[in-house]
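Order of writing sets the chain letters: A, B, C and D. Residues in each chain are counted from 1.
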Amino acid sequence: MEIRISGASKIFKPDIVALEDIYITVRPGEFLYLVGPTGSGKSTLLRLITGEARPTRGQITVGPFNLRKMGWGALSYYRRYVGVVFQDFKLLPHLTAYENVAFALEAMGIPPKEIRVKTGEVLDRLGLWRRRFLHPPQLSGGEQQRLAIARAVVKSPSLLIADEPTGNLDANTAEGIMDILLSINASGTTVIMATHNQYIVDTYRARVVELRMGRMTRDEEKGRYGSYGYN
Amino acid sequence: MATIRYILRDVFRLLFRHWGLTILTWVTMMAVFLAVGGSFLLTSCAHAVVAKLAGDLTIEAYIAKEFELEALKPKIEAIPHVKEVTLVTPESALARLKELLGEQAQVVELLGENPLPPSLVLQVDDASNADVVAQTLRSLPEIEDVVYAREAANRLARLNAVIRQLTIGIIAVAIMIGILILFNTVRIAVYSRREELAVMLKVGATPTYVAMPFLLQGVILGGLGGISATLILTRAYTVFVKHINRLLPFLMVPEGGTEIFIQLVLLLVGGGMALGWICSWIATSRHIRDALRPL
Amino acid sequence: MATIRYILRDVFRLLFRHWGLTILTWVTMMAVFLAVGGSFLLTSCAHAVVAKLAGDLTIEAYIAKEFELEALKPKIEAIPHVKEVTLVTPESALARLKELLGEQAQVVELLGENPLPPSLVLQVDDASNADVVAQTLRSLPEIEDVVYAREAANRLARLNAVIRQLTIGIIAVAIMIGILILFNTVRIAVYSRREELAVMLKVGATPTYVAMPFLLQGVILGGLGGISATLILTRAYTVFVKHINRLLPFLMVPEGGTEIFIQLVLLLVGGGMALGWICSWIATSRHIRDALRPL
Amino acid sequence: MEIRISGASKIFKPDIVALEDIYITVRPGEFLYLVGPTGSGKSTLLRLITGEARPTRGQITVGPFNLRKMGWGALSYYRRYVGVVFQDFKLLPHLTAYENVAFALEAMGIPPKEIRVKTGEVLDRLGLWRRRFLHPPQLSGGEQQRLAIARAVVKSPSLLIADEPTGNLDANTAEGIMDILLSINASGTTVIMATHNQYIVDTYRARVVELRMGRMTRDEEKGRYGSYGYN
């Protein structure tokens, strides 16, 4: 699905300008890093794309969906095609790790057998199979983060949004996660990933969009993390 | 469809995960329905007792000697609101007078010839119609005099009216309280899960899929509350009526018939399920709207 | 101390942040207290009516001609449970008989000399004591005969007993339902904040500091519910009694006195505050225990 | 306060050995990094020190407090002297940023005037003063993390526990946070920090304790992040 953001601004109630005049087009199957200092508007931009937030000005379309004006029904239909790794995970604490992943498939009405196979596969791939009966609060920070990734990835989305998916992971595990994201991307899924991880961005080179104080300051093919790193 | 399976599983999850809450809500609903059903039974029973008392109310019509008693009977029976007519011959009237005088019955012996006229004893369908019937009787040429407990009839009629008002009032208040409590309980229950609800919607669940377990939970709890209240009330009413009728047989409280319990079932079980659905719907839809509203 | 200030501020935060919930809880409590207080008033009022009817109950004692009426009176008045004694001379007894006979009063003219004995009319303090008093009277040599509505006396006594049972039962059920609903409401309210509660404890707040706002909130809501229910009941009772006494003056329902409303205030406001505290305590302490229990 | 952990093990219900036979002594005023791959038991060890978890075996004392057997009252008293930055922040969503910080002081019964001064200072230092009226869900991931740090730091604790305090921060901001932690440490506070941030550990050298699968595998003065980094 192609993403077109044209002239999007987001101003929060009193006067917080989270985003200003953003123009980005993401081609289907692209891999895009979103970088920038804290509070620069990365999560807000991702929220515009997932339909959690609506731009104050400007247009956003994702494939056939116009996110400016979309009803409830269309929104939940749209979200089936979008996998999201939230910065704060947003796992369901009353479900086990297994159920948290299975739920994303159940909501799509997929039959139980298929769910069992897919959920088992993805948990195994993310090293969570032995933790499948634990509830999110019983998991370590990194395990929670991997569970959030598993839930986003399991439904083979057309678009994968990952907000800081390696913040709680050690370097080795982070590389493992990148392998997964890249292989999903290789199978045709568009991936947008907001990150502070300089090593990842500089190693797995891809398109980099930089935000600073809500404005787009850089958009490079095969870019680097940028100057506000550990120079 | 698989979706239905998942929804049903979620309903049971909702019910069993917080079983303490489920039981409390159930018992609360039952309590509310007990109050509604109890006041329904109590008032309908008071109504029956008063109706019974009103049924005991009679009008006596004294008949001029020259008329034939038997011929008069059908004519009287044709008067509207007259339920039953009994003939009283002068002989039985004298016997009743003796009885009335009790210790001083020997006075009657002094009378010689029986001076009492023949009479008719009428029962009216409702105490409030006694006045009308009495007037109709007075207008008949055959009737010499009409005697009835006008005051008692009026009292019963008014008592009946007040009890009817009270019934409506109490049931209305009980139902309002019930709705309030149900709604509140469900509202807080959904409120405590509003974040989960929001997450589910963000992961691609439709509003219907998310809301349905809550709605069914509401229906099940409402239905359970209604059923258990009906069972308890049925049992309690039977015991209560037996007790009352043993202690106060003159009240002749009606034993619970089938139709009164069909009414109860419809009122409590049907009402409970409908209420559960509506309350859950109001409570859930609000949070779903909140969760889906974009920033 | 600063801590008290913070706690009080938190109480108002709790009350005003979710003002919808506050109002709902308040109204729910009010509804519960209305039910409790209403059944209290209704039954205490039915009790008063029956007591009034029982007070109308009289025993007639017929006296042998040779005894002096006036001398007998103090002796009778000394019998336990006798409330009032009235003398009835043979002349007034005859007048009553005529009245009783109504249309057939001319019969009495045939009697010639007045055959009726002098009598005493007694009022008993309670219908259930009528039997005892009657027996005592019969054992007196001066008394020739004793006549009273034994059946009516027994009925009233039993009715009184049943109403007393009913009062206790209804109030007990209403209070139980009330506690259940209150507890449930508070429980879910605290439940929906259990995570905040746990975080507060992790940041160094003492259990007391965390629990106090919930306890005070419970007390305030309980008190508010009690006060508003008392106000509504006071007003409603006055209107209701006026209405009833206009429609059914013979019942002579007692107008609400001051002491009945002091009872109400104690029952509802005091009870509400105590209940609010206890329910909040149970609900809160559990979550505090859970939050402080180490893994 | 001196921390003595001797022979501590933590086994979760069925058979998850989160920690095994840990011996550490932390001198008052020390700065200690806790490193190790995800799920190695870092957070669990920190939870033993804060009293959130109790060891299955072994002893833990912090200054005069014996954490094996401590009642409710003692526990909340102890927690006043310990500042904790939780890995998942644990901010109170119904309070504003300002109130979240002030709350930690209110719970200690500190008078309002002092609270105003201290809270203002710490928010300013962490760059959150302009966000003080926002609630946690309205803050960016990095802002939430800094708020969690502010809340732990504001009460000038004798012991500061920080679980992955830079996971959501860009490199510049992370360095700013390290400056704050080091200056607090310089004023005598013991600091224990669990982290995956190789750059931080390797730049601001201090004692490093490494955990792997619940066992202590390294304990070095002026240590380095270790071999499982981006080698």
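The rule is simple: a contact is a pair of C-beta atoms (placed from the backbone, for glycine too) under 8 Å apart; a residue touches a chain by one contact, two chains touch by 3 or more.
Keep in mind the model is a prediction, meaning the values are calculated, not measured.
Trainee: Can you list every chain that touches subunit A and also touches subunit B?
Mentor: For subunit A paired with subunit B, there are no chains in contact with each.
Trainee: How big is the gap, in whole Å, between where the Cα atoms of subunit A centre and where those of subunit C centre?
Mentor: Spacing between the chain centres: roughly 67 Å.
Trainee: Which integer distance in Å separates the CA centroid of subunit A from that of subunit D?
Mentor: From the centre of subunit A to the centre of subunit D is 28 Å.
Trainee: In whole angstrom, how far does the Cα centroid of subunit B sit from the Cα centroid of subunit C?
Mentor: Distance between chain centres, rounded to whole Å: 23 Å.
Trainee: Where in subunit A do residues touch two or more of the other chains?
Mentor: 12
Trainee: Is the chain-to-chain touch network here best called a line, a ring, a star, complete, or other?
Mentor: Graph shape, chains as nodes and touching pairs as edges: a ring.
Trainee: Chain pairs in touch?
Mentor: All touching pairs, sorted by chain label, are A-B, A-D, B-C, C-D.
Trainee: Show me the residue ranges of subunit A that touch subunit B in the complex, using the header's touch definition.
Mentor: Subunit A residues touching subunit B: 12, 47, 50-54, 72-73, 75-77, 79-80, 82, 84, 86, 90-94, 103-104, 106-112, 151, 155.
Trainee: Taking the touch rule as given, give the residues of subunit C at its contact with subunit B in the complex, in rising order.
Mentor: Interface residues on the subunit C side: 21, 24-25, 27-28, 31-32, 34-35, 38, 62, 97, 100, 102-104, 106-108, 110-111, 115-116, 145, 147, 155, 158-159, 161-162, 173-174, 176-177, 180-181, 183-185, 187-189, 191-192, 244, 247-248, 250.
Trainee: Which residues of subunit A touch subunit D in their complex?
Mentor: Residues 12, 36-39, 42-44, 87-88, 138, 140-144, 146, 163-164, 167-173, 175, 196, 198-199, 203, 228-230.
Trainee: Quick check: in the complex, which residue numbers of subunit B touch subunit A?
Mentor: 1-3, 5-6, 17, 196, 199-207, 209, 292, 294-295
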